[in-house]
Amino acid sequence: MDAIILQILNGLDKGSAYALIALGLTLIFGTLGVVNFAHGALFMIGAFCAVTLQRILNISFETIDPTRTDFLGNPMKVKTTYVETWFGPEVGASIIDWAVPLAILFSIPIMIGIGFIMERGLIKHFYKRPHADQILVTFGLAIVLQEVIKFFYGANPIPTGAPDVFKGSFDFGMLLGFEANAIIYPYWRLVYFAFAAVIIGAVFSFLQFTTFGMVVRAGMADRETVGLLGINIDKRFTIMFGIAAAVAGLAGVMYAPINSPNYHMGMDFLVLSFVVVVVGGMGSLPGAVLAGFLLGILESFASMNEIKSIIPGIDQIIIYLVAIIILLTRPRGLMGRKGVMED
Amino acid sequence: MSNSNLTRRGLMKTSALAGAGLALPTIFTASSASAFTNEPTGGTVTLGFNVPQSGPYADEGADELRAYQLAVEHLNGGGDGGMMNTFSSKVLQGGGILGKKVEFVTGDTQTKSDAARASAKSMIEKDGAIMITGGSSSGVAVAVQGLCQEAGVIFMAGLTHSNDTTGKDKKANGFRHFFNAYMSAAALAPVLQKLYGSERKAYHLTADYTWGWTQEESIAAATEAMGWETVNKVRTPLAATDFSSYIAPVLNSGADVLVLNHYGGNMVNSLTNAVQFGLREKQVNGKNFEIVVPLYSRLMARGAGENVKGIHGSTNWHWSLQDDASKAFVKSFGEKYGFPPSQAAHTVYCQTLLYADAVMRAGSFNPCAVVEALEGFEFDGLGNGKTLYRADDHQCFKDVLVVRGKENPTSEFDLLEVVEVTPAAQVTYPADHPMFAGGALGNCNPGA
Amino acid sequence: MLGLNKKDLSLLLIVAFLALCAPFILNPFPSDSSLAQFNAGYPDLMQRFVIFGIFAIGFNILFGLTGYLSFGHAAFLGVGSYSAVWMFKLLSMNVVPAIVLSVIVAGLFSVVIGFVSLRRSGIYFSILTLAFAQMSFNLAYSVLTPITNGETGLQLTLDDPRILGASRTESGGIPVTNFFGLDMRDTYEMVVGPWAFQFNNGYYLCAILMLISFYLAIRIFRSPFGMMLRAIKSNNTRMTYTGLNARPYTLAAFVISGMYAGLAGGLLASMDPLAGAERMQWTASGEVVLMTILGGAGTLIGPVLGAGFIKYFENIFSKINDGVLHTWFGFMPDGLEDLVVTLVHPFVGKGWHLTLGLVFMLVVIFLPGGLVEGGQRIGRLFRRKKSGDEAKKSTQSTPAE
Amino acid sequence: MGILEVKNVNKRFGGLQALGDVNLSVAENSVHAIIGPNGAGKSTLLNVLIGKLIPDTGSVMFNGQSVLGRKPFEINQMGISRVFQTPEIFGDLTVLENMMIPIFAKRDGVFRMHAFENSENEKEIVEQAEHMLESLNMADARHDHSASMSRGNKRRLEIGMCLAQSPRLLLLDEPTAGMARADTNNTIDLLKQIKDERDITIAIIEHDMHVVFSLAERITVLAQGTPLVEDTPENIKGHPKVREAYLGEHA
């Protein structure tokens, strides 16, 4: 029982990341009709926003400590950060400690800006081009973005810790009457799940309850008609692209403490997030979220020893297997509309 | 820096059949004149440095390349000579190899056996490389080693830790300086016993491919021999990025030690996840829960950040070693690049020197002569104490380091501290050890 | 001739000429010049050009004609390679049975995967094929290691049984793949002044098979079957209401392209007897998609150009290191030389991916029809110039206005 | 007994009765029009006839065989051809190729693997297609891309493609929708010509009364999913019920 609860928690957590990426991907696809292979790269850039802020906060000046020596035997240079000198050691240290949450604020304008530039500078010219061209150009962009990151940050993962408050884990077992340590779960992963829920809720209510959202939804359903009403859909769609980029970026920022960011993390998620989107049904936002959580949970269950001992290697293929089964039983994924991306 | 521009052309065997119909005026064939593949004829000799330059191990590859450049500089008489001064064999004098200036070509393995072989082939066929070296994973090492055997050039493996490289996939033309999974286990086990006692229950998480399996097998065997119980061995997909679903059940399994048979990105993530789950603060069976990472790499430890603190593992070499050879290497590397070298850098530097030395002692570039010179070669002064290149399997036997993540690092490079230097005798195994069975060296192949 | 019209025949002849003279054409720079780094005329790369050309030609029969975008074609390449290596291990080092088996096995695989995946269209089809290929890759890397040798890749060993042939040669090595006694690895080198041209048996076998594949592809493109496939891409509704069942047509195209992939896989293994699981990864499937689109989907020659282009980048650009750069720009004054090297450095060697990404973007943005369109534009430019010249002549002959 | 017999067909979509007790008999070699106001169920009926929708009850027989549950290509092979509201042709192919495909389909059936014959060498097929194009006055455009033609010509081509298979029943779904007057008249003339020259049954669903009364021999009026009356055009014109339900809007 406790093992099952644990895997459900894991599934929700994995599902949060899948759902957030798939949500942004679907927003872009649904509004602009563009298949964006660079979406994983946006997620990666988000994570590197956290890395960058951490680096900025850690900018420091060097003083020479003659009592110690470095690896070559020269006097050691000791670094002190400017933040610590400006705000005092304690406040300074806690600002650095909170780099990741602070990066949320830092990343939103950056991601929206990147989204705007991408849409206006590149994607806009590809609305009327075949999907294959869109895939090629955004894939090219994804490679360029990740190579640029690699050039500046290297190929190795960069540790980006959560604030100390969120280190350690929460004991659910005690809460539910199990033994101590039966069900423990890291605080930061719980934060991630809550954060994802908030973002997903915010996107949905934005689309549901604002006039802007209504127009966009109408545009997703029938772009031409809305255009005929004299509403400038293009501008709104640009904004939507910015929002989608921000969603991907935020997913990345918050993911940084879970796994150290590296330059190819976007590609690692890309294929998976496409599977999630398609399983959810092209163009369906609730479908993307549902599929994200569904696949996350199934993946977690498949990695249980009990299940692996029955079907060896099931955890390697579960996502693809489920995708095949769903697509064969439900032609347009869980909640896809007819005629979207079927030719 | 004026190396490479490789121009001479290598030959594989020549067949009179091919191209026979194409008669052009000025033909002469430089065919069977050479006695072996890519025999250097001019004033230079070309080495092929085949390292990952893209993909997850690109930084390790970059560090290997730095070390190679340093080695070439030293071989050609530049710089301060580095470990050439401490090396027990004194035939290398900085005048190139057999009087020929050393040049090199580089290539990208992409950490894929296919791409690595393509890259190595282009070095052999196009650039006339006489020796291929490098790599940062066992799959690539085994694949390229096989190629070099067939093509008739020498392969000096880079970072490869799987037992198979000098076990079932060993080749006459291939040599490994790096240590292997068995040696990691043999070095670690006594230290673990001393630290954690002999009544422990271990839970293995293992990357689901050949290297992971050989390491799991080695560690499990070594720890079981000293009384530990292996509770479970769980395979994790190579592509996994989030290990939470594999880590979550560990605490309830009754195990009190977690062994992470992961390397690279897998290791960084699984260790980070394990620490996130608070495993290290827990008590199981009345003992503190411990995590072990059998194969440590400083470059990768950096990716895991503070999570490595206090975690034990083994490594081939570390820059903080205080013997003369290590100090000399760290000094010349550090002065050139501004930071200390990694174990990957160290091993490839040694391999380059060892190859050059073998050629000098053999007096020939002929691979078979080089093989003969390296087989059973005993040396010292390359940073791991007295070392033997065993003739039976072309594996180096030398001291192995057991290290621990440092609690208070003074710099971003100062992440590990050496806990114990396990002497070579303790990690030596018979050549017919079952974990290494199933392959044969075969005969050396000079190609041509 | 050969059942081709004049235009197609001349295209085939041009391709045949280029393929047979590749050792000359790809080696334009004397081997002691600093530009020799750009020479691609060595056996391994030439083999890769034509083998991946075959792969892309086959992929184009599916994607270019029917519009079905498969994201899992690398799986067929992979199983082709594995079957060929197993054939070398068990039967004989002759490449013919290996290649035949790899085509058959890839064909069977594609029947199964195609039958299931073609129940859906559009992106749903793409994801189904991707899922099958990723499953094959993941399993080949781990659980199926007894068959695939996992991470290391399937290689020949000294104790392979090899029923028709020796396990090891007299000198104790692993025998070499051959075509009825003609060793695939053998290379004849012709030295002309500072040039050295390499003629490799394996390359010519691949090139001939590529020409046959190319010829068959032309025939398919021009056949009623090809027309039906184009009709499916153009308007599937009309297709069915004309009394035609699209499914067998698409399945046939899928299987044909799967067999092409199998042939490519078998050839890869015949040239270099190793089969790695990475050959089946989604990035490998993506690569053939990129080759086809980059060259020009739906055109005959486009995929071959695209394949050559990407393989050239992968093998040539990745080998340019700072040392090479310094020899190139050595003629410049020192400060300028360093500056130029610093500027070029990020785009070559370990940065070859960056250049490739940029090239993808530039080609798609400016040449929507791929490299073929680029060629057509240049051709048109010449023609216009010519006709411009003629027009000028004619105006010159008449008195100026 | 007509060539097409629809009996007691009912179809509901959720709470909406799209078709209620439809009975219809189309006599062989006649031109039968089905008219009705918007939402009368014309399109639903058409979709039932071509097998796209399966009715909840009832039967649809063509030439004595049921069409229900068959795939569109099977229904086509039975001898029913369909013309769509917006012309469905192979836009990427040339006009000649467009015409060749139905002829191939007629000759070879649903599938044939003729991968290594040159389509241009299939003389018999090419001749038939060119002959057909000549009779449509489109021979000059044979190497043009069909997507670049005018809507009227596309419609002409589409009808020609259907006729190339010599169907027994030709179903037309608002064949002149969205056309200019001149194109509409051309289409009417073409259909009249077909009616005169061939043994063919034509069923036509149409909005445009001009077209209906120029062509039809019998007319069925649908309203709210049920046939209101069925009669000759003359009688329909003066029928009070029809005036009330349908023509009233236009009067």
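Every chain is named by a letter (A, B, C and D) in the order it is written, and numbering of its residues begins at 1.
The criterion applied here is as follows: a residue touches a chain if its C-beta (ideal position, glycine included) is under 8 Å from a C-beta of that chain, and two chains touch if they have at least 3 such contacts.
In UniProt terms the chains read A = Amino acid/amide ABC transporter membrane protein 1, HAAT family; C = Amino acid/amide ABC transporter membrane protein 2, HAAT family; D = Amino acid/amide ABC transporter ATP-binding protein 1, HAAT family.
The shown structure was predicted, so the numbers you read here are calculated from the model rather than taken from an experiment.
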Margin query: What pair of chains is linked by the largest number of C-beta pairs in contact?
Written below: B-C
Checklist line | Chain closest to the assembly centre - both centres taken as Cα means | finding: C
Next item on the list: Please report how many Å separate the Cα centroid of chain A from that of chain C, as a whole number.
Entry: 35
Item checked: Between chain D and chain A, distance of the C-alpha-averaged centres to the nearest whole Å -> 52
Next item on the list: Report, in whole Å, the distance between the mean C-alpha point of chain C and the mean C-alpha point of chain D.
Entry: 47
Notebook entry, point to check: Can you list the chain B residues in contact with two or more other chains?
Noted result: 54, 58, 62, 208, 235, 237, 239
Next item on the list: For chain C, write out the residues touching at least two other chains, lowest number first.
Entry: 138, 141-143, 353
Next item on the list: Scan chain A for residues touching two or more other chains and write them down.
Entry: 313, 316
Item checked: Full enumeration of touching chain pairs -> A-B, A-C, B-C, C-D
Check: Where on chain A is chain B touching in the complex?
Finding: 2-3, 6-7, 9-11, 13-14, 17, 68, 70-72, 76, 150, 154-161, 167-169, 181-182, 184-186, 188-189, 258-260, 262, 264-265, 268-269, 299-300, 303-305, 308, 313, 315-316
Check: So in the complex, which bits of chain A are touching chain C?
Finding: 35, 122, 125, 129, 131-133, 135-137, 139-144, 147-148, 151, 271, 274-275, 278-279, 282, 312-313, 316-317, 319-321, 323-324, 327-328, 331-333, 341-343
Note to self: Under the definition above, what is the set of chain B residues touching chain C in their complex?
What the structure shows: 1-9, 11-20, 22, 24, 26-31, 53-54, 58, 61-62, 65, 104-108, 112-115, 117-119, 121-122, 125-126, 137-139, 142-143, 146-147, 149-150, 164, 169, 208-211, 235, 237-239, 439-440, 442-443, 445
Check: Across the complex, what residues on chain B touch chain A?
Finding: 54-59, 62, 208, 232, 234-237, 239, 241-242, 244-246, 248-249, 251-252, 265, 268-269, 272-273, 276-278, 281-282, 284, 299-300, 302-307, 319-320, 330-331, 334-335, 340, 410-411, 413-414
Check: Any idea which chain C residues touch chain B in the complex?
Finding: 31-34, 36-37, 39, 42-45, 48, 138, 141-143, 145, 149-153, 155-159, 168, 171-174, 176, 182-183, 185-193, 196, 198-201, 204, 272, 274, 276, 278-279, 314-315, 318-319, 321-324, 326-327, 330, 349-350, 352-353
